[in-house]
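Heads up, the next two complexes both have subunit A, just with different partners, subunit B and then subunit C.
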Partner chain A sequence: MTSFRIDGGTLIDRNDVRRFTFNDEALTGFGGDTVASSLLANGKQLVGRSFKYHRPRGILTAGAAEPNALLTIGRDGRRGPNTRATMAELFDGLEARSQNCWPNVNFDIGAMNGVLGPLLGAGFYYKTFMWPAAFWEKVYEPLIRKAAGLGRASYDPDPGYYEKCWAHCDLLVIGAGPAGLAAALTAGRAGARVVIADEGAHLGGGFLAEGSPLGGKPADAVLADIVGELHALPNVEIKKRTTVFAAYDDQVFGAVERVQKHLPEHEINPHRAMERLWRIVARKVVLATGAEERPIVFGGNDRPGVMMAGAMRTYLNAYGVAPGKRVALFANNNQAYQTAMDLEARGIDVAAIIDPRTCPNTGYDGKARMIAGAMVRDTAGRKAIKSITVRHDDGRDEVIAVDALAVSGGYSPIVHLACHRGGKPVWSDEHVGFMPPESTDGMTPCGAVAGKTGIAACFAAGGAAAVTALAELGVMGEAASLPDIKQGDEKTDHIQPIWSVPSSKGKAFVDYQNDVAASDITLAMREGYDHVELAKRYTTNGMATDQGKTSNVNAIGILAENKGVSPGEIGTTTFRPFYTPVSFGALVGASKGMEFQPVRKSPLHGWAERNGAKFVETGLWYRSSWFPKDGETFWRDSVNREVKAVRSKVGVCDVSTLGKIEVFGADAAEFLNRVYCNAFLKLPVGKARYGIMLREDGFVYDDGTTSCLGENHYFMTTTTALAAGVLTHLEFCAQVLWPELDVRLASATDQWAQMAVAGPKSRDVLAKIIDEDISNEAFPFLAAREVSMFGGRLKGRLFRISFSGELAYEVAVPAGYGESVADAIMAVGEEFGITPYGTEALGVMRIEKGHVTHAEINGTVTPADLGMGKMVSVKKDDFIGRVMNLREGLVDPDRPSLVGIKPKSPSDKFATGSHILNPGDAVSLANDQGYVTSMCHSPTLGHAIGLALVKNGPSRHGEEVVIWNGLAGTTVNGILCDPAFVDPENEKLHA
Partner chain B sequence: MRDYPLENRYAFPAHEVAFNKGASISLSPVKGGFVVHVLGDAKSDEAALKQTINKIAPELGTDVRGHSPNQWFWVGSVDISNDRLAEISAALHPQFVMTDQTHGRVRMKLSGPSSRVVLAKGTMVDLSPDLFAIGQSAMTQIGHIGAMITRVADDSFELIVLRSFAGSLWDELQHMAAEFSHG
Partner chain C sequence: MSSLVKCPHCGLRPREEFTIRGEVATPRPAAGADEAAWFDHVYLRDNPRGEHREYWHHSGGCRRWLVLSRNTLTHETSEVVDASTLKSEGGA
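Up next is the complex of A and B:
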């Protein structure tokens, strides 16, 4: 194999030899190399196969826009598909593989597609897979899906740690080329907080490709001085390997930093992020993103060895890699001639310069043969370019042998970030490109993105942009300048647009990544898809990982040329984040596995764990759902035991997760009276009341108890699910609806450990730890007050309320004491047979009692639907939901209303969600009478029971119905009944 | 059983994080003391609250941290009895009402030269020394968890978090700090 490594290369360290494999072949490169530069140095021009036609493809660029050289790098969980070889830094032990080829990149069966090329044009799927219709789902789609996609993701978990981070600055400089460096230096010297971010491993941009001295000093030495000064400024934060991928509102920018992706496995610090997702908040922004060199669309322009002229210069000067031994240049602008000069300066034969301009005034005085007024129309070579065919202005063809071709079709400013917030780029005939929008909202484009060319001009523009931005912040700055270089010495350039070479022979590619040829664009136009957005979608031009960085403007140009209008009239497609692909790892950050979301733990979590609880996630909370004992292998064994224990003896349950809100203020009673549909104005101190809150539309929002603990002090409980929602609702009412009321609200959910102590022996248990008289007379049903406990050592709150339907209390103590108090209750309750019970048993008991939860309060029910219509006050002047609750449809007696339901045969079971039908009716939702909202096995009754919302339910107790499970396709005969299966007279509550 | 031993348990999984010696970060719970949620009326401000506190309980200090408009967390390092709290509550009335949140809002301290970088992984608040002075507070989120950050010294921040989230935030901060924890 021939080595293409030559002398020089400002970025590589020849003493640092790095071994790597490419398609299992052992190769070497140097520290500082990219995978692309090291492959080129090893003579690897063929690196992958194209998506559709599996054509051989090489390395086109030296940066982020690379459409061809997408490799899979790494192994197992660290395997990264679609990694741009031009961006990936070489490390020792790196493993790289070509994609989209089988069995290998040199011999790829998929290349057969190339033979079918004429059949596979734009819209191929739409036109071909029309019939038979049944084939689409079973044959066509699976086949297309198998063929689709680039690279394959790893199925192994990524062992790397990822994270997110915020940064703040006065000035964000995006891009560290000459313009960006000047801006950062200017602002840094002025004392502003600066963040400068660049996607590359090295700061420098255009400096890195520069082979000529600047002001008599090597370009890399000039660059080193600038970077050195920036590093020394404490107010400048330098972010290398950081791609700013999105501009969001309020000057927030998304960026991804590849922190350790460039390191070999043994150097990776497991405690550091592999990648870090930044959200950068900037007061002002200097956009110095540069310009992308455009390919030219001509026959065979995708053959390995065809490369952007600027990229070739970078490989030559920064990496010491020769693109070939005999190179031609095909360019329509003067800037690209620098590549020819640099090649010649390094002793590489430049076979010819083909320029479509008839009299280019380039100032080029090198040895290469100039062919003006000509274009390359074809290339030859099987897996790498061997020759080009040049069409002269007199119509004559000439074949020139080359092993590399540099191409430059002009420069497209990288305007993406300037357009993410909705701005549209503006066409410039002068620059032959789309320029940033006129209004960029705090963002100043400068340098190549603003149409400047040359290091000196860009540097000057960057400094000036920073001065302007700083002035808007009230900071005086002086533009940094390059020593001994004439600032503003911008070479005049005349670019002659060529969107595609008319005499092209063979496929002339516009979009390399999607295999879109010029003929596809014109086909789309002929078929009516001539709008730029339609053409994109019809042809796929500009899609996939590179989002058309090298293809979009050429496609627009072809559309414009064929319609006879300016590219400005065609316009661009919409620019949206992300600028380049961002890994899922970075987007997910640390939120994976058990850290996917925060965990909320009750103050009694430890107590429940010690008692063997099985936990269930309810929202973020972990709640104890049942407490299995030895020998219980099925959850319902435990639940049945717990229910029976509570019904016959006593149990204790953690209810700390219920929302708790302290309500204060001289108008607190009036406030509650307005937010609840039932009366609260006269709730006496020391009493609790069950309340129902309606939404404005008259449906039930939430329920719970509110206790009056003192004059102007109430304690509200909400359901666990709506704790935050209810507080927000109350704050809205207090701040917006009735600001005249003196009411103040504070969340107290976490302050209290709250336990339900339920069962006929509950009073006996609590009497042993509560210092006060809690007899039925002294502390009747719905009593609520602060109590002294443990001989005055603790103050708690005691509520005589019951969700289970038993004689029951809820006791609240300061959270830190929760576990001790729960332990004490278990200890004193031992003689009464106390058992801890979980939310499953709680759920069973509330169904047995006919109490509702959000299974019934499902957003479609009124209080009357739940059998609580009488609670809705008719005396109060107003409350939330009053008027809408009176709507005709909401008072219809035929509405589905709460009813109990049980199987006709006790051995039958049914499922929640089943529908209720009248006997004899056809099994169809057309005959729907309602549905089961909750069901359980009642250990108290020994059979299944449920709650249901059934048309006119309360008047149908005793009626036989059919319970239809549509999913399982089963029916069971059932009987509607009173929803209170246990203690309908409420005797236990008042015991 | 009225003499049953009562223990006030901390919400954090450990008393401190065992970072290596020389680490540029430390994380520990703040033990003891009080957190009182004070709610003012529409006209009340922080100066009035501090003035009132100085009048009724000067021994407890005036470390008040803005929670939301007209609401503050009043924080101190000594333990207060229920009776004393009741007295203070009565004395604050009617301009201010208060509710004890000592158990519901727990405190931890993150200190060290890397503390700002660690917190930047969670919060969007700019904590740079010249913008976020000692004594300044911000109610924010650290990751997905609501928390109040207060700068208590040069490189030291106190975090107040709902007790139920304390373990989760503790774990998250450990992950965030891990790269600085090895001296």
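Up next is the complex of A and C:
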């Protein structure tokens, strides 16, 4: 293996040897290398296979735009597919693999697609695999998916930690090349809060590729001075390895900082983020993103060894890597000649410079043979370039042996961030490129993105841009300047556009990543897809991970040339975030695993745990669902025992998750009267009332009890599910609909631990801890007030309300006292056989009692449907939902209404969601009578019971029906009945 | 859509703190209004290209309901006011 490493290389540290593998081959590189530079140094020109034709591909660029050299880097959960070798920093122990090749990159069976090429042109999937239709899903698609594609994601979880942050600054500088550095230095010296971000591992941009001294000083020394000063400024925040990937509204920018992606496993700090997703709020922005060098579209332009001229210069000067031993340059502009000069300065043979311009005035005085008015029309070489074929201006072909070819077709300003908010770039004939839009809303493009060339010009532009931005913020600044530099480059460069070489032989690629050739674009035009957005989608040009950074402008140029118009008339496709791919890890941030969403634990969680509760997640809450005892193997054993204990003795249940809202104000009663459909105006102090809230469209929204605890003070409970929703709704009513009412609302859900103590012995238990008289006379059903507990040591709230249908109370105490009080209730209740019960037993008892939950309040029911039509006030002028509740369709007596249902044979079971049919009726929508909303096994009755919404249900008690389960395909005979299976006379409730 | 919202009570806050309810509909009809007025209020919404007024709730902040006027085309937010001011102007 020949080494292509030569002397020099400002970024690498030759004392820091790093071992890595590429397709299992052991190789070495240096600290400071990228994977791309170390592969090139090891003579690896062939690094991957192309997407569609599986053609051998090499490294085209030295930066973010790389379309070819996408590797899978890392292993297991840290495996990163489609990683650009040009951006990945080399670390010791790195494992890199080629993608999209089988069995290996050197011998790839898929390259047969190259032979099938004629079948795989633009729009091939719309055409070739059309017939027979049945073949698409089973044959064609799997085949194409196997053959085409990029890297595969890892199935292992990423062990890394990711986080999201906000940053705020006066001036955000995007890009740390000469322009960006000058802007940051200028603003930093003026005292502004500056954030400067660059996607690379090193600040410098164009400085890094510079081989010539600047003002008598080596370029890297000039750069080191600038970076040193920036580091010393406390008001400047430098973000390396940080890609600003999106410009959002209100000057908010998305950026991803790769904090530890460049470190070997043993150096990764697990407590530090791997990547950080930043949202940066900037008052002003300097856009110094530079320009992307454009490839030239000619035959065989994708052969490994063909490289952008600027990239070649970067590998040479920054990494000390020679691209080859005999190199040619194919360029239509003067800037690219610097590559030839730098190659020669390093003693590398420049075989020829091919320039399509007939008499270029380049100032080049090197040794290379100049071939003016000529173009490269073909290349040869199996896995790497061996020669080029040059078409001279007289039509003669000449074959020149080379092992690398530098290409430069001009420069495309990197305008993405200036266009994310809808701005359209503007074509410039002078610069032969699309420039940032004129109005960029607080963002000043400068340097190469604004068409400048050369370090000195860009540096000056950056300083000036910062002065302008600072002035708009009312800050005086003085543009930073460089030491006297002769290498001015201010001389105008004459770029002659060549969108594709007309004499190209073979496939001339426009989009390397998607294997789109010039012929595909012209084909799309012939077939009518000549609009730039249509051409993109028909050919896939500009799609996938590189989003056409190297291809879009050439594609637009080809469209323009063929239509005989300016590229400006064709226009660009839409620029959208993201600029470069962002890992899912960064976007997810910390929200994964147990941190995916917050966990809400009741103040009684510890008490429930100590009593052996099994928990169920309901929304964010963990609710105790049952409390198994020794010997109980099946959840229903526990639930049956708990129900029986409550019905015969006493039980205690955590109901803290119910929403609790404190309502205050002189108009609180009036307010409640308007938000509930039933009357609340005359609720006396010390009383609770069940209330139903409607939506404005007349359907039931939520239910719960509200207690009047004092004059102008009410305490509302909501269902667990709608605790937040009801508060938001009440706030809307109070603030928007009736701002004139004096009412204040506060959520108190988390402030109170609340437990239901239910069962015939509940009064006996509570009497032991509550200081006041709670006899039926002193504290009747629906009494609600503050009570003294434990001999005056604690004040709590006691409500005589019941969901189970038993004699029952709810006790609320400040959350912090919850567990102690629950323990105390268990202790004093022991002699009465007190049993903790969970939400499952609660659910069984409410079905036995015929109480509804959101299983019934499902958004399609009215109070009348639930058998509570009489609660809806006919006296009140106004309440939410009053008018719409009276609509024709909502008062139809045939509406499905609440009814109990039980199997005809007590041993039969049925399922929630089953539909009800009349006996003998066929299963059809027309025959549908309703459906089961809830069901359970009733330990009290010893058989299955349920609640259902059935047409005319209340008048059909005792009727026989068929319960049809369409999922299981079963039917059970059932009987409709009163929904109150237990204590329909409410005797227990009032005991 | 705005990334930052200028809450009249809390100042410039990230969009994530807000919950959007939707268009400011016709004012809630008086108790005796006819059904048509109620149908408009409950169901009829515009989907304009351009200026649009919406209810935004500062649910992760001061919990005030706001009326935000924004341009759906340019994403420009022209005004954010407390929604309680709507009624005095004749419509909520």
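Quick notes
Note that the second predicted complex is superposed on the first by the 984 of 991 C-alpha atoms of A that agree within 3 Å, B and C clash if a C-alpha of one lies under 4 Å from a C-alpha of the other, contacts with A are read in each partner's own complex, and residues count from 1 in each chain.
What we mean here is this: a contact is a pair of C-beta atoms (placed from the backbone, for glycine too) under 8 Å apart; a residue touches a chain by one contact, two chains touch by 3 or more.
It should be emphasised that the depicted structure is a prediction, and the values quoted were computed from it without experimental measurement.
In the superposition on chain A, contact of A:R421 is made with subunit C only, not with subunit B. When the shared chain is aligned, subunit C comes close enough to touch A:D250, but subunit B does not.
Touch criterion not met for A:G175: it reaches neither subunit B nor subunit C. Look at A:G160: by the touch rule set out above, it reaches neither subunit B nor subunit C.
With both structures placed on the common chain, the touch criterion links A:L737 to subunit C but leaves subunit B unconnected. Using the contact criterion defined above for the overlaid structures, shared-chain residue A:V281 touches subunit B and also reaches subunit C. Contact comparison for subunit A: of subunit B and subunit C, B touches the greater number of residues. In the superposed model, A:I769 lies in contact with subunit B only, and not with subunit C. When the shared chain is aligned, no partner comes close enough to touch A:G463: not subunit B, not subunit C. Overlap of the subunit B and subunit C interfaces on subunit A comprises residues 166, 279, 281, 739. By the touch criterion stated above, subunit B contacts subunit A in their complex at residues 1-11, 37, 39-42, 71, 82, 94, 97, 99-105, 117, 120-121, 123-124, 126, 128, 143-145, 162-165, 167-169, 171-172, 175-176, 178-179, 181-182. On subunit A, the positions that touch subunit B within their shared complex are 161, 163-168, 193, 269, 271-273, 279, 281, 590-591, 595, 597-603, 606, 621, 662, 664-666, 713, 739, 742, 744-752, 768-769, 771, 790-791, 793-795, 814-821, 823-824, 827-828. By the touch criterion stated above, subunit C contacts subunit A in their complex at residues 1-4, 14, 19, 21, 28-29, 31, 33, 35, 38, 41-43, 55, 57, 59, 63-65, 74-75, 82-84, 86-88, 92. Every residue of subunit A that touches subunit C in the complex is listed here, in rising order: 166, 248-250, 252, 279, 281, 421-422, 696-697, 728, 731-732, 735-740, 877-878, 882-884, 887.
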